[in-house]
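Labels run A, B, C and D following the written order; every chain starts at residue 1.
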């Protein structure tokens, strides 16, 4: 055991890796506070808490950040119709700054000078965590064991981690590890690495966990009315049974349920990581996929054509920044502000059908649509704005 | 009958409108040459030819431009992943410059000073036809009866057209007109106006003609291998039965068949027209939808990340120009060149599943992919380019 | 004399053309109200007023809009570092929407249904006037005599205008017309057409009226301190004599004086007009040129790098819109808002030297510069924003 | 002396820093080959060669790369009207990849596995050198002593370097070091750091070395005719004395002379470095400044408006990439290709006057200008292209 050092807040997942990191940090002399965000993933939070305490964490924070995740992170992405490289809905990238915010808040509350995470040195998440933490608290120091030779040389493979776990009383998973890695939250689940790394290999049928297989999903669609105000959904109604949800979190969860039931939101892509390599990822983003289509539709219906074009350029940039971990950057805040400004009149109801992996737009209506068969764009705009009150003399 | 004027080449469709225009142009003293492009629409071309001659056309040109349409117009759109306002695949917009090219060629061959078309004064097609014709032949004069008071005041509604038709021996359609307007070609069919004009109204189930209803489409997917070279498909194989197509036109027709069978390619959108109003359109673009997804995938797999970003911006501009009728503009030619340049190494095979209205990417492979787990972007790029031959001394 | 029609507000300049238009409009049966904006041009406003009344104007409005021109139109251009095609500072384009606003206000006050102007059918100003008027008041009707055959066929040349003037008691200019046309306001003067039309011809030395010839301008520079807040100048001090100006209009006039004295602001360019042709223009923009350089400098000094890049793209679009007359469009208002947002922390003082046609930046300082030799961008940004209060424990 | 290692090619400048690095590398056991590019800087190359050999370099390469620098690096920047952050002409950034190319070629020829440079860890040049070298030869290893603790801790200040120099027989400069750092080449000289670091401090009058002071420069302008083909200058004539230059290098040198004589090309700016900090720099770019203005003019005169807009966006990106050291990246090569494509018809002669720090455009002419008073853009474009041969029947 090294001499006492300082306090570190560890982004703890409850799994083998971060459990070993917890013990290893203690070995290095740190006092460890574990933080586990409930951001919508499938997890036994009570068990994780007990486990972390048993492994020597001085304190364990488990916080439900789901509502905040939806309102402060997913909604701006909905505003932007955010897609990275035309396809990835940014489910992991949006979760990182939400978690980073809490890591920093806890570090500040606890007077900890260090934050540690279990992300590897080849992925995007290390960058997202660290840029977030450093931006929010420039004096913090981030410990990334998977980038430290004293750690990764000690644990070259899973076998060494297992041995270390057994030696230190870390509970070892009884089920065999899936031959790929996963990251789940309220918005999505990702699968990558392992047997998926070869981009030619098909995803096994039993890989998917968040959506049903479209080949066996129901033969009858669900139909929804999704009402938007200022570019975000404020009400969802299932027209087949009248079920209605109004709050951000509740309606998002409901859309997840419906989309999941009908197999909506699966994509298999190759993307360009921040660190410069291409990577194959498979994603399920159920509610996000419905909202992407519905928002695109109500936006096109209510937004001026030329504003839309400018906003589209801003959104491309926004998506790239979010993917690369720059959520807390001045440029991302600037873009968020501008994009939100463009959404002021994005309001109305979109009717959608959800069926066999697809979202179909059936129709839309809006209290202040720019849709008008007779008038041209500029005149119509100013009629709606009533900028100049005119004598309607003809 | 007015005094003899000059020769006009009429973009003839065989329908009521352009038949009346043909007769009306003769009334105005013009010698009329009818041109009907076979661009993949459902049409009895022989009957149309006979009809035009019977109505007094001096000559009738019927030309099959399908192969040219695919290779010279659809392929550049595939290069660009062209979408107007994130959703419309530009099926009509791509066909117009193809037709305009032939109108001009015939006018030049026949020594005609005029070209006439039946597009209305509220839509995009008048602009696309006319910009195309004027660009290719600045000395031509376009006659657009639906913008001429002497024509539209004489035919304020369908009833007046019908009366005129009966009076002049123009065969009147026996089936009632669909309560919307359609435009079909090899790539797509569009439905708009009439009962669809209210964006809230759902499309009737019997509207669709080019794709099956996903609720009744087959319960077994088709799986395809689509091979690309320089960013365009060069071979399509159905892995379930080994059926293979290689030429541009044949493989496109086959993809239309497969997509149609599985209900792929339906969208219902509101778009911003060039002339400044919003318009609701419903589209079926079967093969185009499969190719959009497949090309997006092989491109992401083989193109450098930063080149992709620049190319994406160029494609947005390209799509807008095509929509607005600027195919034959210097900026569109510049963009086509730059985008084609970006496709030089876009090659490989994408495996897709087509099922219930959806296109699923299953995997991809490429002879020169940039996909590499160990090396970063720049190094990898130059390894592939072999720009500098190095002594591989480590 | 035609039968009485309605009231028209005429954008009156006091010159031969609009004087003839005034009389001609009366001939057509209109009641004419003349509006002459004092937007900083050299003009005998009293004489112009008397002349218009003598010619039969029912009423003459002469309004000093200089302050409004600076604050509402020139300042947004300073925010944007607005340049059209890298060189033109938009002096005329910014004045048009300012004038249009007052034309519409007077029309509304007077119950006039028509607005008339003397811009030709080949230039940008017709578009700028008309888009502005229609946007602000969709029900207005614009009369553009120079586009009406009954007017331009009657006045094919200057000789016919002179004859008409003599016949109708319109005072004819005694000095010969300059062999080019000019447009002047507080921000600039433009020269074009006539002998300048050939882009190879040099501008005559005696053409320039708003700036001294650099070959004979003073041999001693003036040095200024220009203080900015929120991206616009709030104080100008001449460090050689302590002269200080603080209000927008006064400091702008003073910068015009200094720049004019040193021959600053002359450019000779070929630009692309909205209507599709290239046009040669010579401009003098004295104060605007100093402010362009000073604002560029303080902005670079205080704005985040990545925000600057995004803002630069928005500014390019803004400049193009302003040039093309879209000031009162939704997209221009959106851009103005976003650009203004980017200027919130653009504050500080720039030291400049003005000498022999050049503006030299000598140095700059700012209360909240991002300039910092040790810290990187993101950390520095958040230090300034103090978004998260941290225990400064190291 | 450490054990023999391997061969390193050192980017040698002849100054104190790289002389010490040369000796230090030998101390570390490397065989050192010195490379000194003659890229237009003021330098006694013979003396530098002798010095390097005397200090123990196994071999010294001195290569004149001036012509290559102009043709392969400056010309693409002229094509692009390349400016970083609206003001910096990229003089240093363009030189680095030219030097890097030769470093790699020599390393490959000599079988060296290492390249070393004397750039600091805070600037842009380290990035530019290293990205260039790694891109051209992924297997090379770069040694950057100023980023290595064993080096920078040994030489915390200039005093320690001087002591080391005296101890190892390295000739010590007799003149005191300027209180700022400089980087010179054929295109420009930069001044930064030291007393210039405070952005408020004025540049001393005696700082400038490459251009005359405009206050004392000649009272009579020089007038030049600059002829362009495919967007680059091919002939420069001084109309006052008939002096003419035609080759790339010769005309560039001549433009440097003329610009220098009239004090053209000085700027004082604050820029954003790649590594994230703001930095004040003073630059003299004489010939580059003349060419910037002249090319801007001939381009505006001959290029289609909409192509120009697209090309402008590409150029912004190009400038940013060059500044950040990505010359040899796939995206930079893509942009260079596209920009060059846009220059195909950029040809003609620009008349400029050079006087007291300013470049004035006096006029321009071109064999294939798009300038035309009567025809609109698209028609004119196709007239020039003669895409479709038409019967000119009206």
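As a convention for this text, contacts are C-beta pairs under 8 Å (C-beta built on N, C-alpha and C of every residue); 3 or more make two chains touch, one makes a residue touch a chain.
Here is each chain with its UniProt name: A, B, C, D = Argininosuccinate synthase.
Since we're looking at a predicted model, the values are computed, not measured.
K.L.:
Along the graph of touching chains, what's the shortest path length in steps from chain B to chain C?
P.N.:
Counted as steps through touching chains, the separation is 2.
K.L.:
If over half the contact pairs have to be identical by residue number, which pair among A-B, A-C or C-D is the repeat of B-D?
P.N.:
Match found for B-D within A-B, A-C or C-D: A-C.
K.L.:
How far is the middle of chain C from the middle of chain D, if each middle is the mean of its Cα atoms, in Å?
P.N.:
Result: the chain centres lie 37 Å from each other.
K.L.:
Which whole number of Å gives the spacing of the CA centres of chain A and chain D?
P.N.:
Averaging C-alpha atoms per chain gives centres 44 Å apart.
K.L.:
How many angstrom lie between the CA centroids of chain A and chain C, rounded to a whole number?
P.N.:
47
K.L.:
At least two partner chains per residue is the criterion; list those residues in chain A.
P.N.:
Touching at least two other chains: 309, 313, 375, 378.
K.L.:
What graph shape do the protein chains here make by touch: line, ring, star, complete or other?
P.N.:
Graph shape, chains as nodes and touching pairs as edges: a ring.
K.L.:
Can you tell me which positions in chain C touch chain A when the two form their complex?
P.N.:
Interface residues on the chain C side: 104, 108, 111, 113, 131, 134-140, 304, 306-307, 309-311, 313-314, 317, 326, 328-331, 334-335, 337-338, 341-342, 375, 378-379, 381-383, 387-394.
K.L.:
Which stretch or stretches of chain B touch chain A in the complex?
P.N.:
Residues in contact with chain A: 81, 85-87, 122, 197, 199-203, 214-215, 219, 221, 266-272, 275-278, 280, 296-297, 300-301, 305, 308-309, 312-313, 316, 320, 351, 355-358, 360-365, 369-378, 380.
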